[in-house]
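Common to both upcoming complexes is subunit A, partnered first by subunit B, then by subunit C.
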Partner chain A sequence: MAFQILLNVFLALVWMFLKVSNEPIDFLVGYFFGLLLVFTFRRFFPSRFYLLRVVAVINLIAIFIKELLLSNIAVLKVIIKPKLDIQPGIFALPTELKKDWEITLLSNLITLTPGTLVVDISDDNQTLYIHAMDASDAEAAISSIKNTFEKAIMEVSR
Partner chain B sequence: MNVIEIVKVIIGICIALGALLTVVTAVGLIRLPDVYTRTHAASKAATLGVMFVLAGTFLYFYLLEGHMNSRLILGIVFIFMTSPVAGHLIARAAYNTNVKLWENSVQDDLAAVKKERAGE
Partner chain C sequence: MRTNDLILQTVTKVILFIILLFSIHLFFAGHYYPGGGFIGGLMTAGALVLLLLAFDMKTVANILPVNYRIMTAIGLLFSIGTGAGSLLFNVPFLTHAFTDVYLPLLGKTSLHTAVLFDIGVYLVVIGVTMTIIQTIGEDE
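This part shows the complex of A and B:
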């Protein structure tokens, strides 16, 4: 991935030399044409085309903002409700992520989302223990985290 | 109503929403029963509240004064990086020092693991 970006910057510089120009706009134009070249030759790189990963990161951020707003409203409702009828609890979330940074990212996103909070992680890094504001339906919470955050993180690191 | 007025209204809504979220956070800190649920209120609603206030301030200086202050954006980024770590550490420290969960809690998968660890 780093190699593809470096190559793309290099192609943009070549474009600037060809145009005998030092304008930033020509760098951008060159970067765009370089991107087309890298895309054309994507089969010859060991890793996949890097723009796909950029799209995956943007997708992850979008999912996160959506979850942040939705669950903030949910927590807000619980707090200002006259009757306190929450059912908090700690449930275990088995995770398929392997690398340390993926697990760190997942637990950060889970903790940032209101209503869920990572309390601990098992010694073999395969289970996250999550305290939830509403643990009455742990299965639903597990599958929703798996389908949103974990899937999106896997898409980034693939 | 020209564009400047519309922008002012949007900025006002942003900052009022941020203030409202912070108030609800404070209410939650008092109302909720145990340390874990309080951490939910404190570390989360405050995050979004501060984010709205900072975003409103950024928009004000950028759109009305024509002055782009990138430090406000950095402030949002740093809050998003530090607040989950703080929330996690508070909850973890509480659990490891045997702070009880609220009596109405429905499940505790961690208790068995903790017992096992203590037995080693």
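This part shows the complex of A and C:
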């Protein structure tokens, strides 16, 4: 992944040296041709073609913005309701993510979407404890988190 | 009872470099814009304090095997040396010299001996702040 990006930048620089220019446009042209070369020989590399991962990152950002809007509207509904009929509670979310940064990213995404908040992580990093504004349907919350954020993060780090 | 500091530690690993880069920027901005050795040193010390908060003291001592008392002394030597250097040229103590130099790649660069004095201030501020915090923190 990182090696492919470095190779691509290196190819763009070589292109600039061949053209004997220091214009940004020549860097971009060289980057484009380097991208074509890296794509053609993508089976050389141990990890997959890196543009797929960039697309996965953009997809994750889009999912986050969508969830942020939806959950904000949900919290707004609870606030302006005359009757307070929520059941706050803490539930455990078993996670399949392994690396530190994946778990941190998942925790921060959960915390940033209103209504849910990561309170603690178990010592073996396998369970997140989440405080929910409405824990009456914890199963639904778990499955929704698993299907959106966790899946998108796995797409990035696969 | 050790809590799991995974999120704090992971975020620290990323944020630390941004804070340190910002402190270097503040240090070099000091001549024409707000900033300088004092605030740059405090910002660097703040980044190190964040490390101390996220990890324990032994780990930070392994990452940065720096004796902060010696660092303070070196900073004072820098500042005094800059002041004493002006005596060699028969001008009053702490007179600064500056010149414009054409360096390759960088183009026209103004070099000023006040930067050396500011490096001294920077090192002293880091050294004193970290000494204070470590001395308080080591009280078991």
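By definition in this document, the second predicted complex is superposed on the first by the 158 of 158 C-alpha atoms of A that agree within 3 Å, B and C clash if a C-alpha of one lies under 4 Å from a C-alpha of the other, contacts with A are read in each partner's own complex, and residues count from 1 in each chain.
By our rule, a contact is a pair of C-beta atoms (placed from the backbone, for glycine too) under 8 Å apart; a residue touches a chain by one contact, two chains touch by 3 or more.
Not measured: the values here are computed from a predicted model.
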{"item": "Greater subunit A contact set [subunit C / subunit B]", "value": "B"}
{"item": "Which of subunit B and subunit C A:L52 touches, first, second, both or neither", "value": "neither"}
{"item": "A:M1 touches, of subunit B and subunit C: first, second, both or neither?", "value": "neither"}
{"item": "Subunit B versus subunit C as contact partner of A:D100, first or second or both or neither", "value": "second"}
{"item": "Contacts of A:N108 with subunit B and subunit C, given as first, second, both or neither", "value": "both"}
{"item": "Subunit B versus subunit C as contact partner of A:L117, first or second or both or neither", "value": "first"}
{"item": "First (subunit B), second (subunit C), both or neither touched by A:M154", "value": "neither"}
{"item": "Touching partner for A:I90 - first (subunit B), second (subunit C), both, neither", "value": "first"}
{"item": "First, second, both or neither for A:N125, with subunit B first and subunit C second", "value": "second"}
{"item": "Shared contact residues on subunit A - subunit B and subunit C", "value": "107-108, 118, 120, 122"}
{"item": "Interface residues, subunit A side, partner subunit B - complex", "value": "68-69, 71-72, 75-76, 79-80, 84, 86-92, 107-109, 111-115, 117-120, 122, 129, 131, 133, 135-136, 138"}
{"item": "Subunit A residues within the subunit C interface of the complex", "value": "100-101, 103-104, 107-108, 118, 120-123, 125"}
{"item": "Complex contacts: residues of subunit C adjacent to subunit A", "value": "2-4, 6-7, 9-11"}
{"item": "Contacting residues of subunit B [partner subunit A, same complex]", "value": "21, 24, 27-28, 31-34, 36-37, 39-41, 43-45, 47-48, 80-81, 83-85, 87-88, 91-92, 95, 101-102, 104-111, 113"}
